[in-house]
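Every chain is named by a letter (A, B and C) in the order it is written, and numbering of its residues begins at 1.
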């Protein structure tokens, strides 16, 4: 049911990732329930983006298992995971520069939505859906422009729109708000809230504490590749280890 | 313009070209030179499917091209071999069949190379294609059946189909191949495959995250590209009548198939065709007056200049000029 | 049986000596590509330049090739910096697709080879020195001096570079850039200046490597192409950034090539390096002693 929290959607057990001698993630256990709004915070370099990359298949984790919606993900490549319903926006926006915004949104519709068994959108329906998604993030008037004509904020919105276009069950919003003004942050939060009400489970990876605290139903804190807190936002924040990580000794 | 309409137009142009040249051009030299330019249209269009559309550079055009040529050489000698070994008699294998076989083998080679290297970054694929050229050349140099380093003589059949001289027949076949290559390239451009290839070129990680099966698409592009190059090489033994590794692996194929799309423009089918016609014609004219080495030097220098100053090629220059006029 | 053992041991020894030389040939690419991600496929062209420089000074002034190699390093260093400048201005600054950078280096490789053909022709060129010809004999093992000396000097050069990279300020800056250019920028050091020096060093090694090459064998312009596969195979198999790894990979390649050439004929040697490259690419990313 939209807005309500249900059964387990994502189950991560003992996830580990190294880069040569450097341990980026160490024994991460994480459970995400359907419908949740999970906040993921941690200092720079704590492994947040690495975790997202491992979950989405962009990076390969050496240790641990990931089960999504009852299906084990180990061995599946990124595009296969996207087709199963995992979506993410990139921390640094990665638009397709050689095509206009409509085509940027068209890609996930063609290659994810239409690749799933069942209904197939016609070409006209796809274009209509592209415009709809662009309208949702306020980019409809720039639909025929190229990404280079967008501001930083607009590129972030495009990034989100493209992730949403894949009709995900679980969406990772990776630092979608960095460098935005207060009102812009509110706008993005509103978009994400709306998506959650439509039934999409959201993981918000952010540094902007006010946004994370107001948005999340649960908070996970990562420090130096370890999960040091996992619970209700107000409680997780008061965890002494978290205080130490953010404020120092 | 829909893909179907484009095919009709390009087939009509090709047909008209063949008919007009048959009726009005009797100078054999035109057919010799024209064959080379058409060959380059196929090679640069093929290269661009992987290079310009997908963003993966292939420096080993020679490997695919020569594979096509040498597979024809093998098929040419096959009837004699079967006769002496098994006492079987089969007719000489027609050239169109050789072209298809050459395409299949080269396409398979593209698939194989791609499968081994395309999971890694584009740089490694490029380096692997450079090395591939050397390896295929080494294999052929050591293979006596096709003459090894001494080369092989291929005698043109006495009668050409379509009642013309044999060189006119080769010219016609190459025109057909050029039409096919351009038609395929344009079809890819406007298709879902083309859009997917473009995302791989623009940002492969984002493409994967959007659900694009990047490895599969890259393999498709490599196979089509390699296959077309092999088809372009298949008639070569009959064109040169003396086939040897040094000339068939000639660097000019490798550098021209990169330079022509770069100079013409890599984002659409027009660029490689433009580059091939321009550079190909100039080189055919220049070879008479200046040495082939100097000729190649100029091509290489042009490549470097264009890649630095006008990376989108002539097509790109025209586009930005038109955009500036609008402002 | 005894005869083939003798042949085998000599093939292995020759391979090790060759491997030492291959290390000198690859160290430049380990720096520019392995550490800085600049795919300089034109490296063989610069090596050939070094060969012909040694040839000319040997022909007209009777200079020892190794001496020429060492004397030419400043000139090659400047050339390397200029090449990087151009590369940075044209490509890195624009953040363009990799394809244009690759096409640029390919163009350089090609123009280099054809220019050499135009100037020197396709005949083989060689140098003359007192150590080309004689060998040291240890029992039934032959150590041709023309292979031994380049090997020894190659190892010396690689060792000196290793020291430089790990001990000197600029050397350590190069290592830092190879790991995180952004971090260096935040420390107010300029990565472009550091990269310029690094590429300069990388090309400077070609002056020396080229002089070794023409001592080991006669050269003509097209042999550069054989070296592309070797250089990148060694760099990748060696783990991209590790000098010790590169050394081991170079020795391995040298030995396998030497054995292949001895028992199957020298015309198969280029295929060996390609096989190595494929193995290297399949075994990646760890390489032998990777990062």
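Just so we're on the same page, a contact is a pair of C-beta atoms (placed from the backbone, for glycine too) under 8 Å apart; a residue touches a chain by one contact, two chains touch by 3 or more.
Keep in mind that this is a model prediction, so the values were computed, not measured.
Trainee: Where's the contact count highest, between which chains?
Mentor: Looking at every pair of chains, the most contacts join B-C.
Trainee: From chain B, which chain is the farthest off, judged by mean CA positions?
Mentor: Between chain B and every other chain, the largest centroid distance is to A.
Trainee: Distance from the CA centroid of chain A to that of chain B, rounded to the nearest Å?
Mentor: 43
Trainee: Need the CA-centroid distance for the pair chain B / chain C, whole Å please.
Mentor: 32
Trainee: Which residues does chain B have that touch at least 2 chains other than itself?
Mentor: Residues 201 of chain B each touch two or more of the other chains.
Trainee: Would you pull the chain B residues touching chain C in the complex into a rising list?
Mentor: So the residues of chain B in touch with chain C come to 51, 55-57, 59, 116-117, 120-124, 126-128, 130-135, 137-139, 141-142, 201, 251, 254-255, 258-259, 262, 266, 291, 293-294, 296-297, 300-301, 303-304, 307-308, 311.
Trainee: Spell out the residues on chain B that touch chain A in their complex, using ranges where they run on.
Mentor: Residues in contact with chain A: 192, 195-196, 198-199, 201-203, 205-215, 267.
Trainee: Give every residue of chain A touching chain B within the complex, in rising order.
Mentor: Going by the criterion above, the answer is residues 56-58, 77-79, 82-83, 87-88, 90, 94-99, 103, 106-108, 110-112, 115, 162-163, 165-166.
Trainee: Can you name the residues of chain C that touch chain B in the complex?
Mentor: 33, 39, 41, 86, 90, 96-100, 102-104, 106-108, 110-111, 113-115, 117-118, 225-226, 228-229, 232-233, 236, 265, 267-268, 270-271, 273-274, 277-278, 281-282, 284
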